[in-house]
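Lettered A, B and C in written order, each chain numbered from 1.
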Amino acid sequence: MTDDPGADSAPTLPLPEPPVRAEWLRLAEALLFASAEPVAEHALAELLPEGANAAAVLSSLQRALAGRGVELVRVGGGWMLRTAEDLAPLLRKRFEVPRRLSRAAVETLAIIAYHQPVTRAEIEDLRGVALSQGTLETLIEAGFVEPKGKREIPGRPTTWGTTKAFLVHFGLASLKDLPRLDELKAAGLLTATPPLPISPMVLEDRHHDPLEEERLPPVDPEGEGR
Amino acid sequence: MTREDAEAGSESPPACPAPLTVSFEGWEGPLDLLLELARAQKVDLARLSVLLLAEQYLDWIARARALDLEIAADYLVMAAWLAYLKSRLLLPPAERPADEPSPEAAAEALAWQLRRLEAMREAGAALMARVRLGVDVWPRGAPEARIERVPGGWAVSLADLIAGYVAARRRALGKRRYAPPPLDLMSVQDALARLVRLLRVVPDWAVLTRFLPPNLAPGLPTRAGLASMLGAGLELAKGRTVALRQDEPFGPIWIKARTEPEPEV
Amino acid sequence: MTDDPGADSAPTLPLPEPPVRAEWLRLAEALLFASAEPVAEHALAELLPEGANAAAVLSSLQRALAGRGVELVRVGGGWMLRTAEDLAPLLRKRFEVPRRLSRAAVETLAIIAYHQPVTRAEIEDLRGVALSQGTLETLIEAGFVEPKGKREIPGRPTTWGTTKAFLVHFGLASLKDLPRLDELKAAGLLTATPPLPISPMVLEDRHHDPLEEERLPPVDPEGEGR
């Protein structure tokens, strides 16, 4: 340990450093467990009572977890829990990781399902944001979406619709089995029709309101631990 | 401000003449109001006095009227039915028409509906009082993998799809989402749904215009609403679920649900 | 434990059930830890060596974690790790709590949970008021509610029910664990239709002669039904 526990909290007292209490360990464990990001030492310190030494708690927790299915590691300026190194391959080998669609992809798929046949420009209009590269491609690769023809307007854009595999995946006998739009409308949706022509402002808007999910790299099952 | 407390002075708290203030804010329909009134009886809902409840409701509506509050049609329809029910309940059994089902049965049906709504409300409260994920306890924040195989290899459900649609459309509609609904003209379909719903609680002949939704703007929306109502009424009359009559040319049109046995399945 | 450990794995062997090995506990811990969603018992069973009893491993792990910062609970048809309940006040400082549901939304959610599958019209009937805009939408967005199919009546309205995420959020192992379910059922409060129509239509009709011919035969106790 590089820290000097107790140096700040009791510099003048000859008393021994306060022991790490079980309660603090519990809190540290819960915090680390539920955090999506590595937890900085000071973040833990904020939750611990006055006088508790976060560094000491962390190293104590690390020792307590040694040999368990989960271990505490130091990454990128913080601490995080992860499955024990030796078990990770076993977990991954046994269970194929189903691919997840990004939120943008799910939304796009929903728009296509309800508004098919629909062009790319119409999808952007209906979602209110531009379609990022790759979203449509992901859906095509997944087999959920296929071209349905051309719209007879200038540029003859391709129209898109859902596939049979789409119906199978969602357990639908036909597209009629999707909840009807008027029912969604009754649920409070589609109460106003948006200005349909894509205005430059709508396109501009996405720069102010980027969809985080379009930027996230896809889940990489091999990538953790970096 | 019909009471003497109007001049009681500002320092004394206003005397509350009734358990409920007269306002339509916050009521989720007549049943909601009835349930609140029923609670004021401070008895088990199983031993509720529907007669007393009817009186409370009618009194409440009367006070709301005295204050010139706008009262939605649903509330008035319920008031009409409760007034009718009350008059039946007050008749000694001997004087009741022989061919009439007992008003006690109808009163029990109402009490039962209130108990059911109350039960759902309590169930909702019990749910919300549970230890809830993301509120009281938290799941793993940085999961490493999904463990279960998903058919098709894609982890996306119909619920995800619907939620995605909702999110996309909500965003596209932007700030307009909470705008009051556009001045739609009432369709015959809407009128039909409304009529069917309200007719279930209207006891007797009623003028068709009473079934129009409140707050219809004068002019075209009202005329269109009336036309749709009439269309819906005619449609229902064709299916023999209601009767219509007009006593004189250009006079009001009256409507009444017909008694029909439930079809057996 | 409602399960019957060992019933499948060793029905004919007189040998005692194998004890839970530390290695299996590690594996179970890692598996549960890696997932933010409930893990089915059979998913663990697939991972454990032949002869190991997944149910026994899980209950053993549950005991081992008792009193720790993270606990093992049975929800949504599987098992899931989550932070200990008593740490909530401290952890709330770190984690954002979702917006409260409106009264109408809570009531609607309860009706859907207890009466599912249920149509919008049935929900409205039960509450005696039209479902206001956005109520169902809020529940869909929260992931608590999903379409369950269509009711085969004119108009084929969509029926709604609760999701697995609903079970997970409210810490329910299954729908059977809904609070007071048995009590409400016994009181007859979960029947689809009221025993008597509130409709006053049955009360009147004095302007016409009663339509004798429209009476149902079964009304007559002397009828041919018996």
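Annotations for the structure displayed:
One rule holds in what follows: contacts are C-beta pairs under 8 Å (C-beta built on N, C-alpha and C of every residue); 3 or more make two chains touch, one makes a residue touch a chain.
If you're wondering where the values come from, they're calculated on a predicted model, not measured in any experiment.
Summarising the inter-chain layout, the chain whose CA centre lies farthest from the centre of chain B is A. Among the chains, the centre nearest to the mean of all shown protein C-alpha atoms is found for C. Taking each chain's centre as the mean of its C-alpha atoms, chain A lies 26 Å from chain C.
Chain centres here are Cα averages; for chain A and chain B they lie 41 Å apart. Remark: chain B and chain C have CA centroids separated by 27 Å (rounded to whole angstrom).
Residues of chain A in contact with at least two other chains: 30, 33-35, 83, 88, 91, 95, 179, 184, 187, 189, 191.
The residues of chain B that reach two or more other chains are 138-141, 144-148, 157-158, 162-163, 166-167, 170, 181, listed in rising order.
Of all the residues in chain A, the ones that touch chain B in their complex are 30, 33-37, 80, 82-83, 88, 91-92, 95-101, 103, 106-111, 113-114, 125-129, 142, 144, 165, 168-172, 179, 184, 187, 189-192, 194, 221, 224. On the chain A side of its complex with chain C, the touching residues are 25-31, 33-35, 43, 46-47, 67-70, 81, 83-84, 87-88, 90-91, 94-95, 176-180, 183-184, 186-189, 191. Across the interface of their complex, chain B is touched by residues 31, 33-37, 39-40, 43, 80-85, 88, 91, 95, 97-98, 101, 103-104, 106-107, 109-111, 113-114, 124, 126-130, 132-133, 137, 140-141, 143, 145-147, 163, 165, 168-172, 178-180, 184, 187, 189, 194-208, 210-211, 214-216, 218-219 of chain C. For chain B in complex with chain C, the touching residues are 28-32, 74, 81, 84-85, 88, 97, 99-101, 103, 105-106, 108-110, 112-113, 115-117, 119-128, 130-141, 143-148, 157-159, 162-163, 166-167, 170, 181, 197, 199-205, 243, 256-262, 264.
Those residues of chain B that touch chain A in the shared complex are 138-142, 144-158, 160-174, 176-177, 179, 181-182.
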